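Think of it as A, B and C in the order they're written, each chain with its own count starting at 1.
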Amino acid sequence: MLRNRNFVFGMILIAIPLSMALFPQYIAPYDPWERVDKSFLRPNSKHLLGTNDIGQDLLSEIIYGARISMLVGFAAASFTVVLGVLMGTFAGYFGGILDELLTGVTDVMLLLPSLPLMIVMASMLGQGYINIILVLSILTWPGVARMIRSQVLSIRERAYIEVSKAIGCSDTRILFVHILPQIVPLSLANIVIRIGAAMVSEASLSFLGLGDPTQKSWGVILYWVQKTGGFSLGAWWWILPPGIMITISVLGFTQLGFAMERIVNPRLKERE
Amino acid sequence: MIDITDEALLRVENLKKWFPVRRSIIDALLARKELFIKAVDGVSFEIGTGEIFGLAGESGSGKTTVGKTILGLYEPTDGSVCFKGTELFGLSKRKMKEMRRKLQTIYQDPYESLDPRMTVLDIVSEPLVVHGIGRSREEREEMATQALEDVEMSPPEEFLKRYPHELSGGQRQRVAVARALVLGPEFIVADEPVSMLDVSIRAEVLNLMLKLRKVSGISFLFIAHDLALAKHVCDRLAIMYLGKIVDVGPTEDVVNTHVHPYTEALIAAVPVPDPAAERTKVIIGGEIPSPMNPPSGCRFHPRCPISLDICREKDPELIEVSDSHLVACHVRARK
Amino acid sequence: MKAVDDVGLSVRRGEALGLVGESGCGKSTLALATMRLGPSNMQIVDGSIEFDGTDILKVDNNIFRRNYRWRKMSMVFQGAMNALNPVFKVGDQIAEAIISHEDAEKTEALERAARLIQLVGIDPKRINSYPHELSGGMKQRIMIAMALALDPNFVIADEPTTALDVIVQAQILKVLKDLQGKLNLSLMLISHDLSVVAELCDSISIMYAGRILEYGEIGSVFRNPRHPYTKGLISSFPSIKASRRELTSISGAPPNLLNPPSGCRFHPRCPYADESCKTEEPKMENISDRHHVACHHMG
């Protein structure tokens, strides 16, 4: 695993936001909720990234923000894939009306532009992170389902599945013992890859005010920049860091996900 | 000759399996006739206890479909399959599952019929798990070990933890047989069980089947496309063409007297591993027509060297031409 | 991996040689090497291939492509019927083979294609058919026609009838036999099926794990097999003409060519093996003028 360049690269990148998320209290210089200084301060020796509009230390905000950004990203990605795997497996294995319904829904959803749709849904549901997770999952699971469905379709045709039926295996057993174990490894890799995309979507929605403005995710930080006129001030020390952190996280998770895919795939091929 | 008991173990009567061909919207709008692939179109035979019954034919004959329908993998379009006196179709799921304990199968491809992610132990004991046999894991392991011994994989302990990709083709096929045996079946559907194995090891698996028949009285439906092999393994043989049985009886009779013209053509076409053998062969021309549109009357008539007018009009019935040997031909099997 | 290790073969003009062996014995590699159509990691390390007096291994690649491949010698590949391009008519594909080697007009090439498919027993009008409109047997005949496009002296047929039904197989074998007679063609038929070789060939070579174990005039080898593997192989093929007998096999399995057995490669499976078989490779010896065996015990 250590030889895999993607893996190493990904781990290095992830280390940064991950440590921020896990041990913010040890890394951050201040409590981000406390007013520690004057507002709109530029970066200086006391505040490496300056302060925000109400005098809170920006660096601490960024560090504490990692936790919630990653959590939301991970939750949304997990729900998406779990839902996608369930639906895709049932549709692929049983076929029939369920399959036709799924294909129809997937086709429609792939046509619609995702971000505007997310915005509409989120504004209908109201603010809050649970809602964001919901919105992200509902709108992205069809893509996963379609991918899983084709995998299941090809496994379903193989001789050992037919033999299992002849032995008397129930559909449940075939699904859980023969089919799902082949799908799970790639699905896990898929979750990791999607965390990045979910984080970007969450940041976008929060930036537009559809997140929870009382929390401190990176998207919300940007929301407050916008709201308090930070952009017109040209406060680059406030504007850039959240974006950079998101970029690092997305890159890192994507690399890790690719590495996982590569690990999972050749082993399956070898087993065959 | 095996004594066939009065109560046949398996009785197939007028079995039909048609597969609908997908229609486009235009076909439906224009109300065009629905097309079917008539894979099996009226097949009847009986298999007794301890008998090896061969079902031979070329591609499109329907022999594999017959096997799969008997196993309950397909639902018949018409006709019946009776196993030990019980009609298999319309049975509740639970009852069918009970039947499956006695009715097992071996597939053609040793590389595909075993789940690559399961160990040999898991594969062979899966039927036990599915049917709730064996009160503990140890007991099931014992039964699986015994099955491996029965298929002459020794020492069995060495193979239990291995994966299919670590075994040779012949070994994999033995594992497949062990899996079929572990429930103590009475009947096994063997679909071309050796055609994908190297020639020098085919006999191992076939002799194993013969031993099982002798020792445990297991009957086999041996689906074959190698007639030379079928001749040396099967007690009785049925020749299928485009979904129907055209010739059936004791193997030696069917092969040596080759009454039906298709049987004759097949036997003439089989290559003989002896360069000095006499070759007076007339190889018939043409190819097998599509099962979607079989010829009228006797399905073989377009290629038959002795066909008459009636062959084009009427489908011949199976008529006894000698002791237990039935042939469906207007010309050579008359009442 | 030594797919082919010290192999000696010869085919006379107008003669059919059957190269028999099980999977992984190296027979297809031998054929591809002769035609220089092997994969990029295949190297011909030693030996010579003499064609009509010339060692073709020493011939330059370009000259080989222009003068030898497909002109003097051609090949019908395994699973050939799946090698036809589905978007072109079969006549065009045969014509393409002609045009790429000779200076011929398209119409002339198509005429020749029509005559070629007639030669293999297909209605010449079918040069306008697409591959999916043809049955398996017909596609295989097209591949044979394509191999004959430039009127070669020597054709290698690699498992030409595997995957075909029995009657179609017999038809194809008949086509090959007729062509052999009509065109005085030399044929090398590669097959795992001894009966197919017995039907068609004049001489036979038994290949195992990259080596030839026994070869010679086919009648002599069948009547009087000397190598234990040959005996085992012959007895593994039941005959439809013979009365029922017990089926026999050869214990063990064909070896892995990456790590072949020492000495005689067959010794792990041989009932007569002794110490010398494990250490010394047997040399090819003459049983008669046209029958040779490589075995320490020679049956």
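Note that in this section contacts are C-beta pairs under 8 Å (C-beta built on N, C-alpha and C of every residue); 3 or more make two chains touch, one makes a residue touch a chain.
Remember, predicted model here, so these are calculated numbers, not experimental data.
> Specify the chain pair with the maximum number of C-beta contact pairs.
B-C
> As a test of understanding: of all chains, whose mean C-alpha position lies farthest from that of chain A?
C
> As a quick test, compute the distance in whole Å between the mean CA positions of chain A and chain C.
57
> Could you put a whole-Å number on the gap between the CA centroids of chain B and chain C?
Centre-to-centre distance between chain B and chain C: 32 Å.
> With chain centres defined as C-alpha means, what is the inter-centre distance between chain A and chain B in Å?
52
> Can you name the residues of chain B that touch chain C in the complex?
Its residues touching chain C are 58-59, 168-170, 198-204, 206-207, 225, 227-229, 231-233, 251-252, 255, 265-277, 279, 281, 283-285, 287-288.
> Per the contact definition, I'd like the list of chain C residues that touch chain B in the complex.
Per the touch definition, chain C meets chain B at residues 22-23, 135, 137-138, 165-171, 173-174, 192-196, 198-199, 201, 218-219, 222-223, 232-234, 236-241, 243-251, 253-254.
> Which part of chain B faces chain A closely enough to touch in the complex?
68, 71-73, 96-97, 100-101, 104-105, 107, 109, 112-117, 126-127, 130-131, 163, 165, 176, 179
> Note which residues of chain A are touching chain B in the complex, please.
158-160, 162-170, 173, 178, 181-182, 270-272
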